[in-house]
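When the chains are written out, they are named A, B and C in that same order, and each has its own residue count from 1.
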Amino acid sequence: MAGIIDLILSIIFYPPIYQLVLVGLTGALVVVIFIIWFERKATARVQRRLGPYHISPRLAGLPQLVADLIRYAFQEVIIPKTVDKELFVLAPIVATVLSILPIAVVPLTSNPAYWPIPMDYSMLVALALTTVSPIFLIVAGWASNNKFSIIGGVREAFVITAYELIAIMSILSASAAVLSFNLVEIVEAQRVWYILLNPIAFLAAFLAVLMATSGFPFEIPESENEVVAGPFTEYSGLLYGLNMGAAYMKRFAFSILMALVFLGGWSPYTPGEGILSGYLIPSLIVVAKATVLMMIFSLTRSIYGRFRLDQALEGAWRLVFPMAVLGFGLALLEAYLGVM
Amino acid sequence: MPAKPVVKRLPARRGLFAGFKGNVDAITIGLKYLVDPKRFTLIYPNEYIKLDPGYRGFIVLDPKKCIHCSSCARICPAAAMRMIKRMEEDPKTGKPKMKLWPVINYQRCIFCGYCVDVCPTEALYTVPYHDIVYENMAEMDWSLETFVKPPEHPTAKEGIPVKYIVDEEKGLVKVRAEEVEEK
Amino acid sequence: MSVWVYGEQKSELGLEGTITRKLEEDLYEVFIGPQHPGSGHMRIIVRIDGDIIVEADPDMGYVHRTMEKLSEGREWIKNVPLFERMAIHDACNVTVSYVMALERILGIEPPPRAKYLRTLLCEINRIAAHLYGFGIFGVFIGHSTMYMWSFADREVMVELAEKLTGARLTHSYPIPGGARRDMPQDFPQAARKAVRYFRRRLDEYRKIFLDNPVTRKRLEGVGIIPKKIAAELGVVGPVARASGIKYDARLAEPYDAYDEVEFEVPVYEEGDALARAWVKFEEIKQSLRIIEQAVDWLEKHPREAPIHERFWAKAPPLWKKVFEAEGRVKLLPLMANLKLPPGRAMARSETARGEIVYYVESDGKTTPYRVRIVSPSARNAIVFKYIAPGYKVMDLPTIYGSIDYFPPEADR
């Protein structure tokens, strides 16, 4: 009996698992609820509206998102006859899980006791994990067997090809500057935040994340006025909610990564011993930085329309990709000069 | 002075920083409204607009002025107004007499106000409110008894009356109705 | 490409069955509408090759209400509220030419005050309709701020219209011989404030929407209608003017007070979606000018009933009292059963979307013998078929929004 409990405890306290549960699921849920609320509220302010209001005006409508969540959870999940059932159901679930997975491998503290995995190649692992989930959006579109879904899925595929390289190159430029794939080393090396040393790479990464998570002006796969809801046209209820949430989860994962790489991670705090000082406080700082980043992401909705697909791709390849290359070159130069 | 056509050119967009300036302008405007949204949303059940007396709301009959001429029923474009016959005592002779009375069916009424304008004795008048909910269709077909008194205005009991004033800075400004009336 | 007739059946009327074409290989057929967030009450059958539109078939008629036939069963004046329903946010512009046609048959001319009042409401409506168009256009290309802003600012114009007529949208304002109300005392002040507000506000619109690099990129060079093609297709309104055609019903045949007020008709030559947006944008500016001039004129001239003598000369004292107190013009009971002399008339006016033409024929009865309406959206719908092919699928909402197609008006 004691053996089983030990086993369960060891699974729970296995670092990647609790990081995934604590930061990846609980943290992400709280942050995503806050961010969706913030996005709706900020957009509403720019657009001279009230935004969420009637559910608890005192909290400025914050519980509206919880209400929406409950609504999604209890809505009927309609599975049309013509869809490929297994893939149709699995795709959003797998996409959501995978989009949060990068959090399981990033360090949120410099204290080795709380590292989820050995950190030597953590940057590569995290970046690799970010590239898995979009496949399942295409799968969702394909499995729906609906023209709009397929068009949306194909658009998603096009957009992936455009942003992935940019995102990876611009975030990897930090590795080039520090000459290490170790995220902890990258964070510790930032006496000055890397965003100040290499704003070009940051801008490229910012745009790539916007593209990755269907933020305006790159909200192309789901653009409502052409393809209804893109890959999610046939979805309803909780599965639809998962699909919508997946984009925000992914944005959260990317934001954590960007907070570590560009915004100095847990600085100015120096993690110490014990769970409070060694893990909770630094991880809160990282999450707070990621949240601020996400708040900036969500402001684009109120200012821009959406690009046309070919314009977005053209912009990505002609403008942002050279920017990412330039950022990478700048990083190499900095490494050569020993700035970082 | 008749109008004249003027050929215009689209504003040119050349130069290295044209796109940059456009982005900065758009973001500046966005942030300006993020700080000061200048909104004038009506939080409806808690507030309601106290409309001007000229507003074409529900139509009510003043039976004392009605001369039973049927003009209102004839001009109604939606056939909402119709005349009903009713036996009434003639006040002079004391004998029962057939009289025509208008009644209105709010299922059909489009609030064009023709009937009010055509009434030769101003027996019909509009009340400046519009937001009355009926539970079923039959209730909307008013009888003469309902037609002769202004309908209840439920929002007025709960909500705060506000008025909108055209403003140079904000477009419209929402103010308490009492403040406007004081001026 | 061969024409296929299903089962080669013909109905008793001799009409062929549904004509369909066999789809060429590698083409993808997408039905956009009628239950689609970006189609309005219509369907566009689009055949695409990759991302390029090969063929676009506008399938109209989902909101057809037989307006022309309905009008034949109604007395003359009752058709005003009916025709308003074609485009309720542009109510005065749509109905004023019908009323003008009736006036031509009656042989009466409204007094100048009525003309100015109608012009005033027409321009208020034009701004509101353009803002409506901008809002829809904005949301079509994903710019939700434009949508919310223009709908919020449209409220200012709706408020003015409400002050003037007593109704927010379906004003039923023009009647044969004049207009139904004079403006209230506080109207000029409010109108001037609104004009000043809009002048400032349009600059912000320009910054966030028209000069926004994303929007600009999205609109530039999309849906180009060259001048010659525009003339051949017979498009009207802002669509024609964006292609360099100097045509405006207010210009060609000034009605109401349009020959007395000073304004410009903006014309652009590029013919793309951006030019169409700019035409509307500049037109709002000109409408503001007209509103100012109309309000000035109305304030300067004495308040008198804005209706033809024939309907006011025998007015009892009560009516004059009502007009003085409320500005309301009482109607003669004969308005309901107005008999028009036999005759026919045509009238046109410039709505926000282009020229609307009414042909009215009377055979001396209380109802029309025939009313024919040619509405601007119906004339502009052809753009889908001939202009959309060759552009990307994502350009379809841009083209749709830029021609400001309004199905209820096109279908009648």
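By definition in this document, a residue touches a chain if its C-beta (ideal position, glycine included) is under 8 Å from a C-beta of that chain, and two chains touch if they have at least 3 such contacts.
Fair warning: this is a prediction, and the values are worked out from it, not measured in the lab.
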Using only alpha carbons, which chain's centroid is the nearest to the whole structure's centroid?
C
Greatest number of touching C-beta pairs links chains B-C
CA centre of chain A versus CA centre of chain B: separation in Å?
49
What is the distance, in whole Å, between the centres of chain B and chain C, each centre taken as the mean of its C-alpha atoms?
22
Measuring centre to centre with CA averages, how many angstrom lie between chain A and chain C?
46
By the touch rule stated above, which residues of chain C touch at least two different other chains?
145, 152, 208, 212
Mind pulling the chain B residues that touch 2 or more other chains?
26, 29-30, 39-40
Residues of chain A touching 2+ other chains?
46-49, 302-304
Interfacial residue positions of chain A with respect to chain C in the complex
43, 46-49, 147-148, 151, 216-217, 219-220, 223-226, 228, 301-311
Counting only contacts in the complex, chain B reaches chain A at residues 26-27, 29-30, 33-34, 37-41, 43
Of all residues in chain C, those that touch chain A in their complex
28, 30-32, 36-38, 51, 138-149, 152, 208, 212, 214-215, 217-218, 392-397
Chain C contact footprint on chain B (complex, rising order):
1-11, 13, 19, 22-23, 25-26, 28-30, 39-40, 51-56, 69, 71, 74-78, 110-114, 116-122, 126, 164-172
Can you list the chain C residues touching chain B in their complex?
74-75, 77-82, 145, 152-153, 155-156, 159-160, 162-163, 165-167, 170, 172, 180-181, 184, 190-191, 193-194, 196-197, 200-201, 204, 207-208, 211-213, 216, 244, 246, 248, 250-251, 254, 258-270, 274-275, 278, 282, 316, 318, 322, 326-333, 335-337
